[in-house]
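Have a look at this one before I ask anything.
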Amino acid sequence: MSPYLRALIYSLVIITLLLTVTAWSIWFERKFSGRMQSRVGPTFYGPFGLLQPVVDGLKLLQKEFLIPESADRALFVLAPPLTVILALGTAAVVPFGSEVVAADLDVGVLYILALGSLTTVPVWIAGWASNNKYSLLGGMRAVAQGISYEIPLALAALVPVILAGSMSLTDIVNYQIQHGWFVFWPPGPGFLAFLFFLPASLAEANRIPFDIPEAESELIAGVTTEYTGMGFGLLYLAEYLHTLIVSAVASALFFGGWDGPLLPGLHWMVAKTLVLFAGIFAIRWSLVRFRSDQLMGICWRYLVPIGLGLVMVSAIWVQLAKASAQ
Amino acid sequence: MSVAGLAMAVDVIELLTQRFSANSEPDGPPLVAPEHHLELARTLRDEFGYRIFGFVIASHHPATTKDGEKVDRVRVVYGLRTVGSHTRLASWQLEVDVGTSVPSLVGLFAGADWQEREQYDLVGIRFEGHPDLRRLMLPEDWKGHPLRKDYAIDTEVAPWR
Amino acid sequence: MEVEVASSAVSASREISANQRPVTNRSPAKTRRGDPYLDIAAYDPEADLMVLNLGPQHPSTHGVFRLKLYLDGELIVKAVPFCGYLHRGVEKLCEKLTYVQLVPIFDKNDYVSPMMNEQSLVMAFESLLGVEVPRRARYLRTLLAELQRIASHLLWFGAFAMDLGGALGGGSTLFMYCFRERELILDVFEELTGCRFHYNTHMIGGNRHDVPAGWAAKVHSAIDIIEHRLIEYENYLTTNRIYLDRTCGVGVVDADLAMELGITGPILRAAGIDHDLRRDAPYHAYDELEVRVTTDIAGDCEARTRVRLAEIRESVRLVRLMIDGIPEGPLGSRKPIKTNLAEKSERGHAYAAVESPRGELGIYVIGGGANRGASPYRLKIRSPSLHALSCLPYVLPGHVVSDAVAILGSVDPIMGEVDR
Amino acid sequence: MMPYFVDTLRSLFITMRNVLRKPTTVHFPMERRVRAERYRASFALLHDQSGEELCIGCKACERICPSEVITVDAEKRESSVTGKKRSYAKAFTLDQNACIYCELCVQVCPTDAIVMTRTAQEPAFHRQTLCLNMERLYDNERTQPLTWANASRLIEMQAPPAKEPAKAQDNADADQTGQAR
C-alpha cells in the first residue's frame, strides 16, 4: 500500500472517530453536568437523550448564519472553519494504536505545540472581524492567554520528550511500554509534569477555570458573541475537538498511550482519552474562573519556573539513569 | 411631629424647634425653612450622629386658597438615621413652590445624589447645588413629571425608542 | 437521613470556616473612591478610552441595568450607571389603588423577597391607620420573614457564583444547588399561602393564611437540609482558592462611604458597622428574640458573602426557635377583607422599615388620597437596592471588567426594587 | 500553587457527591410535581349541589381586582332549577394575561362562587387562549382540581379577635358596604 493511501485512510478514520466522539461527548457532558447539578440532562431525543447531538447539529444548521453589517466579512467567515481545521490538524500525529497514526512525524510533539499555538490566530480573527467590543476584548484575552500558556505547555511536554529521548509520540509511547508510564516512573517529574500539562492545556483549550476569552458572565460569550448558526457550531466544535485532542496527547505523553493488557491498543487509548476528557468536564463544572491578570500571574509566577525546574530534574534523571546503566 | 411609626428622639425635636425654629405640623414631620436645611443636616450628622442617609420624599400639593388663588406647593421630607443599637430616625420637611428649588444635600451625603435625582425625575422639584441633576428612572426625553397630581395616570405615552 | 446528619454537621462547618480564613490582609480597608463626576472630555482629550456598555441586555446585570464603563485597556476609569429600564410606576399606581389592593402589587417590587415588601407595606399602613396586630400574626410574620431571608440569600449566593464562574461552569453548579435548597422554602410557602412567589399573605392587621396541619415538621426538615448543605457550599466555593482570589480586596465599600450613601444591610455590616433593624429597632416579634448580628471588617466581596452566609445560619436558628412556639390566638385584628374600600385614612404620614435581605426597606406613606381616602396620597419606597447600587461609581474605577461583574453581583441589586 | 489543586479536588468531591444524589428536577411536561392543597393557579366558577350557578353577578371581584382583569355583566333572570328570579352573571371574563393571582377575588366573593384551581394554564400561542370566559370557567369546575380556599373558608381562617363576635355567615351575605370603621 502506498504511504499516501495509507495516510489518507488513517486520517479519514481518525477524523471520523474524533468527530463522532466529540459529538457524543457533548451528549455525555450535558448528561454528566446535569447529574452534577441535580438535573436530569437531555432526555427527549432517543433513549437517555442519546440523539441530542444530532438534534443540536440540525438546529444549528437550520439557523441563519448572520454576518453583522460592520463586520469584516471575509475574515468573519474564515475564522470558524480555520479553528476546526487547526484542531483536526493536531490529531494527525497522535497515535491511537501502534499502527493507527496518520503521520508519524519525528517531531510530533513540536508539531502539536506549533499547531496549538496557531489556534490563537483564528480566535483572534474571530474577535477582530466581529467588530464588537466584547469580541475584541475576548480576542485580546485569548491572545494574551494563548501566548503565555504556550510556554508551560511546552515545558511540561518537554519532560516526557527528555525522558524518552525522542520527539515522536510513537517513540514516547513505545518507551513507556518498556519502562513504565511517565506519570508513575520516574517518580516526581513525570507526575508533576502531568499536573502542569493539565492546567496549561485547559488554558489552551479555553476551558473553565481558564475560559476568560469567552467568559459568558463578563464578555457575554467573548469571541463567539456575534456568531450564529453553524459558525457558532464550528467554534464550539473546535473547542471540544481541542479538548479531546489535548486529552489524547496527554494520555500518549504520560499514560502510556495504547499500552494496556488484554484489549487491543486502540481501546486502551480511547479509554484513557475519554477518562481524561471526563476529568476535564468535571473540572469545568466544578470551578469558577480566574481573572485575566491572575491567570497570567499563575502562568508566569508558578507554572513557568516550576516547569523549568522539572525539565532540569528530568534531564538530571536521564543522565543518572545512563550513568547507573554503565 | 406626627409621623406614625417614626418616633423622633427628644433632643432632636428640641434642636428642630429651638435652634432651627421648625414649625410643628399636624401632618408629617416638622417644617423647616429652606435656609436652615443644610445647617440642620450638618448639625444632625456631626453633633447627633445621624450618619446614615435615610430618604428623600417629595410630594406635590396643589391647592386653592380661600381667595380662589391656585397654589402649587411641593413638600420634601428628608430622613436621616443613627447607627447601631436603638437606631433612631430624624426627619423634617421643607415646603416650596413648584418653580423654586431646594438646597441639595449632596455635599453632605453622597447618597442624596440618586435620591434627589429620582425626586426631580418623578415630582419635578429642582435641587440647588446638585452636580448632576438628570432623570434617574425615566428616559431623558420624557415629558412631564409623573408623580405630579396634575399628571393623569392614563396619560398617553409614545413607545420608548 | 439528611436530618440526622445535620446537628453534628453544624459544628463541623464552624471549624471549616475558622480554619480556612483567607490568608490575605483582613484589616479594615478604605475604598479608593472613584470620582462619579469625572469630566471625561478633560481627562481624555484624545478620546483614547473605550466606552463599553455593560447592559441593559447582559447576562450578569441581574435584570436590566446598564453600566457605561470608560475603559483604559480593561481598567475602569469611570462608571456611569443607568437604571430605570424596569420602571413600572408603582408609586403612581399607589395613587389609584386602595390600601387593600396594594398588598399583592408590592410582591412584585423586590421579586426575590416578596414577603418583606408585603410586610413593610402592611406595617406602614397599620401605623397610618392605627391598627394593632395580634401576637400570633406578629410571630407568623417574623417566621415568614426569616424563611424568606434564607431563600433570598440562597438565590443571591447562586447568582453571585454564576457571576464569578459563568453560566456554563462551576458557577452554574452552585446556582443549581442554591435553587434546589431554595425550592424547599418555596414549597413551604406554597403549603402555607398557595403561591410560591407572589404570596399576598398579609393584610392590614394580620395575616391572611393560617398555618396548615403538619407545616412545622416540613419547615424543620427544610431548614435542617439547608443548614447541612451550607457546609457543602463552603467546601465547594467559599473556601476555594480561586474564589478567594477573585473576591478578597475586590470592591471595598468602607463604612464611611456606605453610611454616606445610605447603604444598609449586609454591605454595611460587612464594612464593620453593627447595625441591624431587627435588633436595633425591633418590629414584629423581634423584641422577644435575640438576634445575633454578624459583622466583618474588610468590606469586600468576600466579607459580604461571609456576612450573608452567616445570616442564613442565624435565620435558620431563629426559625428553629420560633417554629414550635407560634402562639395561639386570632390571626387578624380586623374583619376579613370584603371590599376594596375597607380601610380609609383621611390624613397623616407614616413610615415603617423592615430589615430586608438587602437592607432597610422603608415605606413612607402619606394618607388621604383618591377613592375618598382609601388610597394613599403619596407613597415612597425606600429601596435598599437603589442605595446599594449608588456605590458603583465610587467603587468600580480602578477595577477591571471581570471585577465589575463580581462587584455588581455582590451588592445584590434586585432591579424590580431599584426601578420600581 | 498547591492550594489550587487541593481546592479543585475538594470542589470535585462535592460535585461527585451530587452526581450520586437523586436529581431534584423532573421532566416537566411528562411528569408533574404534586402541588400543595392551597396551590393557586387558574380559576373556576362553581355550581351548588342542585346545579344552580353560584355567581350572582355582584361585581365584588371586579371592584377589588388590583389589575382590573375581571369584567362581569349582570342580568336578572329566572333560575332553571328553582324557577325563582334572581341576578346572574351574563358574561364573566377573567384575563389571565394580566392576572397576578392574588386571591382577592376569591376572598371577597359573597357566595363562594369563584375559586382557584390547582393546575396552571398551559402556555398558549394566542392571548385569547389565556382569556377565560364564563364557559371555560364553568368547564374548569369539572375538569380541574380545585384549591382548598374559598371565601367562607378564608374568612373562617382570618376570623377577627374575640371581642367582635365572628359573623362569618353575615359577612357571606353580600356585605356590599364593607366594614368601614
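Going by the order they are written in, the chains are A, B, C and D; count residues from 1 in each one.
Methods note: a residue touches a chain if its C-beta (ideal position, glycine included) is under 8 Å from a C-beta of that chain, and two chains touch if they have at least 3 such contacts.
Remember, it's a predicted structure, so these values are computed and weren't measured experimentally.
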Tell me which of A-C and C-D has more C-beta pairs in contact. C-D
Using mean CA coordinates as chain centres, what's the subunit A-subunit C distance in Å? 42
Distance between the CA centroids of subunit C and subunit D (whole Å) is 28
Would you kindly tell me how far, in whole Å, the mean C-alpha position of subunit C lies from that of subunit B? 25
Taking each chain's centre as the mean position of its Cα atoms, how many Å separate subunit A from subunit D? 55
Can you list the residues of subunit A that touch 2 or more other chains? 36-39, 285-287
Taking each residue of subunit D in turn, which ones touch at least two of the other chains? 4, 8, 11, 14-15, 18, 24
So the touching chain pairs work out to A-C, A-D, B-C, C-D
Residue numbers of subunit B touching subunit C in their complex, please. 2-6, 26-29, 51-55, 57, 59-60, 77, 79, 81, 83-89, 91, 109-111, 113-115, 118, 122, 131-132, 135-139, 146-147, 151, 153
Give the list of subunit C residues in touch with subunit A in this complex. 50, 52, 58-60, 74, 161-173, 176-177, 180, 236-237, 240, 242-243, 245-246, 400-405
Quick check on the complex: what are the subunit A residues that touch subunit D? 32, 34-40, 43, 195, 282-283, 285-287, 298, 302, 306
For the subunit D and subunit C complex, residues of the former touching the latter: 3-4, 6-8, 10-11, 13-15, 17-18, 24, 35-40, 60, 63-66, 100-104, 107-108, 116, 147, 149, 154-155, 157-162, 164, 171, 175-181
Subunit A partner contacts - residues on subunit D that touch it in the complex: 1, 4-5, 8, 11-12, 14-16, 18-19, 21, 23-27
